[in-house]
Amino acid sequence: MTNPPLRIGLIGTGRIGQVHAANIASNPEATLSWIADPFVAGAEALAARHGGRATDDPEQLLTSGGVDAVLVASPTATHIDLIARSIDLGLPVLCEKPIDLDIARVDALRPRVAAAQVPVALGFNRRFDPAFASVRARVASGEIGDLEQLTIISRDPSAPPADYIAGSGGIFRDMTIHDFDMARFFLPDIVEVQATGTTTFDEGARLHGDFDTAVCTLRTASGAIVTIINSRHSAVGYDQRIEAFGGRGHLSVANAPSSLVSLSTSKSVEAKPPYETFFLERYARAYAVELDEFVKLVRGESSTSPSFEDGRAALVLAEAAQRSAVDRVAVTVDLG
Amino acid sequence: MTNPPLRIGLIGTGRIGQVHAANIASNPEATLSWIADPFVAGAEALAARHGGRATDDPEQLLTSGGVDAVLVASPTATHIDLIARSIDLGLPVLCEKPIDLDIARVDALRPRVAAAQVPVALGFNRRFDPAFASVRARVASGEIGDLEQLTIISRDPSAPPADYIAGSGGIFRDMTIHDFDMARFFLPDIVEVQATGTTTFDEGARLHGDFDTAVCTLRTASGAIVTIINSRHSAVGYDQRIEAFGGRGHLSVANAPSSLVSLSTSKSVEAKPPYETFFLERYARAYAVELDEFVKLVRGESSTSPSFEDGRAALVLAEAAQRSAVDRVAVTVDLG
Amino acid sequence: MTNPPLRIGLIGTGRIGQVHAANIASNPEATLSWIADPFVAGAEALAARHGGRATDDPEQLLTSGGVDAVLVASPTATHIDLIARSIDLGLPVLCEKPIDLDIARVDALRPRVAAAQVPVALGFNRRFDPAFASVRARVASGEIGDLEQLTIISRDPSAPPADYIAGSGGIFRDMTIHDFDMARFFLPDIVEVQATGTTTFDEGARLHGDFDTAVCTLRTASGAIVTIINSRHSAVGYDQRIEAFGGRGHLSVANAPSSLVSLSTSKSVEAKPPYETFFLERYARAYAVELDEFVKLVRGESSTSPSFEDGRAALVLAEAAQRSAVDRVAVTVDLG
Amino acid sequence: MTNPPLRIGLIGTGRIGQVHAANIASNPEATLSWIADPFVAGAEALAARHGGRATDDPEQLLTSGGVDAVLVASPTATHIDLIARSIDLGLPVLCEKPIDLDIARVDALRPRVAAAQVPVALGFNRRFDPAFASVRARVASGEIGDLEQLTIISRDPSAPPADYIAGSGGIFRDMTIHDFDMARFFLPDIVEVQATGTTTFDEGARLHGDFDTAVCTLRTASGAIVTIINSRHSAVGYDQRIEAFGGRGHLSVANAPSSLVSLSTSKSVEAKPPYETFFLERYARAYAVELDEFVKLVRGESSTSPSFEDGRAALVLAEAAQRSAVDRVAVTVDLG
């Protein structure tokens, strides 16, 4: 590879921004050239560790001339403006999900993204998980026949703080959005959404009118059905499973074991330690591949990066789910 | 045990009738005293093998004075009349599911059953499966905390003939009805049903306006959610799994392995033979326990036999699912 | 099948005799015609349950004219005489293992068995276990290439009483003998035995100079190696595993799960209940097939019943193991 | 941590040297300061990638004044001299296994190592594998009672070239040596070795009088038995399993899955992709921890690094196994 490393400007240095910074630094095809965060100490700490210049002003980063591409890992409310400004400046963007909590604002940006000369990628990291990607490829190869049912179990280890819930846009926009994208990763032609949400254990959800438990059923034009089962907590740790059921068999993704050890006694046998704690551990590899694919996208090479349209489609499904959960009807969607 | 064996009259000698006949014959607490089937050769064959007198007329069986209890395994359309006649004669009944395809006819019988001096039990065999029964008992003991989500995967090995579909009452009344009862076995207070059905592979279903693929979501008064995932076919064989998810963990029932052998090669590792073929194999033990519990019920002992009301409740849920699948709305139910 | 049922005379009504009685009674090809035990109440109890005539005198059974074949489940010390008397009377025999604890007595009987007009089968029940039999057939079919290593883990749930140990002939003749036969089931051409035995937990073994823990290594003429790992106790229950390792892969037999249920919590995941308690449960099916094959053997049909020579060969290996464990040398054997 | 990074000089840049170089470079407590290899291009390539100065002369590295500790990853025949020279110069050493193929040469060095002011650590990487280390800690905690049997299955993916075999010292010194150390990791007080080796598939082994298949049985003073099952090839990939069997249960280490995906069809169910290819993949984490522990050892902190004596003990067991395999007797050993 004779390309010079892609100079990436990172905006946002929270938990996920730190993951991206480390991955950029260790990727031979990329270099961390600028880091912006209004909380400038966060930017400086990352710069000290992984290189790059720190600033408290994203605009300085974007107009520095020292970045070839932008990675947006700042709070959701800033995404739209940062995407818009980046593409106006001709800078490709990888933006964390969701694009925004308000579909109207997303739709307002949509034509500008479509007309832009540079790509906008969405940070749906799970698409890059080796297990999910492998199942999708094997389904696409016809190994299990037509895909008739996709079952996604997706549960977080524990509910977020009540404050987080307040600004999250609700479980469908905040948490299920990953599963909606996974559904579309396998079955893009979704035409209808049914959802049920309840509040059974989390005071934060109760306080802010959100659900802590939810099940969504998506139907495709061809009759395939996707079932998404969510909970805001899980005693065993992060619970991330998929079953792709086809006419000739099914492919399953199990939870990642945290150890190869099992214990057998007179009380129980083959007992294993609990699963990987949370997404940073479970999807560590996926974030690295996500970056690889974004670099390829920027370079005009064949890439599997999800697009702005993928980000919007997931949000449309989340909107539909929220409406279905409240109005108790199935909601048709048009993702075209 | 000093009780004389319970003399059981069996009506119907099809596949499931034959299972019951063998179980009655091998149960020390029961004896097969009469067998009725309009196709009298079937009754005679079972009598030759397991004892008892054969007749082509159920009425002869019921009025013979030689039966202490009746097991109804005849076609669904005959169930209502046979239950009614049995209880009028003071004979306890174990009736195969469903009671009837028409809820109005069930409701018409309901007060007579309620007023009867003898018990009517429904043949929801899965309640007696050692694995499902164990999970329910452990959930009830509080081992996993409050039950928040119940996920039932239930797929038949292959679709029935188109003729069968025609008279089946549709997938919800014919197949999902077992899963509705399993849902109520764990969570009796269901208040709402959502369903999605599609037709993706089975010509018989398409011909008769039925679904071959379906997902139901049930909500309880307390906010627990049950998800039922059905298909009329399954390449791996009979697919019968449950996950009970609670606040402190989950209990899972896996498919029954057909062998203890696994193969590991350079192509794949730990590959096992396919699962048990169908319900007669998978639930062999459950049918035997079902009979044990019916004997206890007839004798006035403590018994876990599901009741006529359980049979009706499952049918109410099936009706609601059918309506939800067609009208695309959630349907509230009152099982009180 | 138009053959009349084979009339079997059962000698011995202990734990294993009771298993055989039940299997004979439920096998359509056999009938339990006579039962002999010096403890005549045991014989009478089995006769009351499964049919047949009871006696306290095996000679009466053998000369009654009412038996077509004999099943010997009496104490080991009586086996030689009962086999000899049966074949002299022209009666085929199925004899429980071992033939005798003294190889000299076995060798003395050997020519008479070889010259007999009727077959003598040995009760190596594990050969008939569906899992082991399947692995052997698949190995024989070449599915994993040449068989290079066979690993047998065989542990009893708990040590027998000290009195039993005293008369058992030691762990190799009493317990490992099943594993020696299993080794020969896969690899008949064993030429050398190495063994190590220790006494680590069982006072009975210590008292009578026996081992409670043992490992044997058998070498075949072709260079395959069999490893047998034994313990007189196992906290998880009966531990019976096999791995057949070949040039193209391996086939494994896992322990039989006692339930399909698993529990996942914050402490451990996928924990299952302990295994089947002991051989009566684990090998229930094997005992039934053993009888089927013996009936075929008696009828001159193709049969997989192990022979007197198989019984002797296992004993030769046990002798060699005992010598190796004491003298600390490898012992060559000639099973020809 | 305020310590300056430990300056490590790496001798040898083959496959394993490259692993160590990468780990040193990415360990914040260490830095790669010098790299020596007579094949200087190898040293230069590593220096270009990970830093440090390259030389074709280990003596230059050792006397440069620029190294605080030495990592010896050169051919086995050079180990003794490099250890000796390093400790004479006051430099701590981490040396790859084995110390030497000739126990006499090891014993000649032994007193000098014992008298040295600096530590010598041996590269038994498997001790640092999280799974094995966890099992050992849990055994030590008493979780499964007294350890009575340890079973190690250890098979390489495929046999090395015949040339490698020629200079390897034989399977016991070359391959089983890791398992001997693992045995001592759990049970240090081994007093006797029995071994059987055969040659069944590998022409290289046959040509050079080596074995390709072997089983060793080790006995401890307390009566525990270790079984080691080796093969030079394995169709499924690197096969590395352990079972620690105690009076109250057992702890098992399974092979590392290469994917979370499993496939279920009408032919087989729950089939997973083959295991991790070989030691670089399987023990990647172990090599990193090995370095951490060596840094601690050098700094005089509490460390679990195996010692020169551990390296010698494994070699004594290998010698004994070779003798047992040839002479067909059990060989007593004195590891004191």
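Labels for the chains are A, B, C and D, by order of writing; each one numbers its residues from 1.
Methods note: a contact is a pair of C-beta atoms (placed from the backbone, for glycine too) under 8 Å apart; a residue touches a chain by one contact, two chains touch by 3 or more.
Predicted model, so just to flag it, every value in this text is computed and none were measured.
Set side by side, the interfaces C-D and B-C show unequal numbers of C-beta pairs in contact, with more at C-D. Chain B and chain C have CA centres that are 41 Å apart.
Centre to centre, using the average C-alpha position, chain A and chain C are separated by 58 Å.
Residue numbers of chain D whose C-beta contacts span two or more other chains: 144, 235-236, 248-250, 255, 263-266.
Chain-to-chain contact here is organised exhaustively, every possible pair of chains being in touch. Of all residues in chain D, only 144-146, 148-149, 151, 153, 155, 192, 194, 196, 198-201, 213-215, 217, 219, 222-225, 227, 229, 231, 233, 235-236, 245-250, 328-330 touch chain C in the complex they form. Put simply, chain C touches chain A in their complex at residues 235-237, 255, 263-275. Those residues of chain C whose C-beta lies close enough to touch chain B in the complex are 130-131, 134-135, 138, 143-144, 248-257, 259-266, 270.
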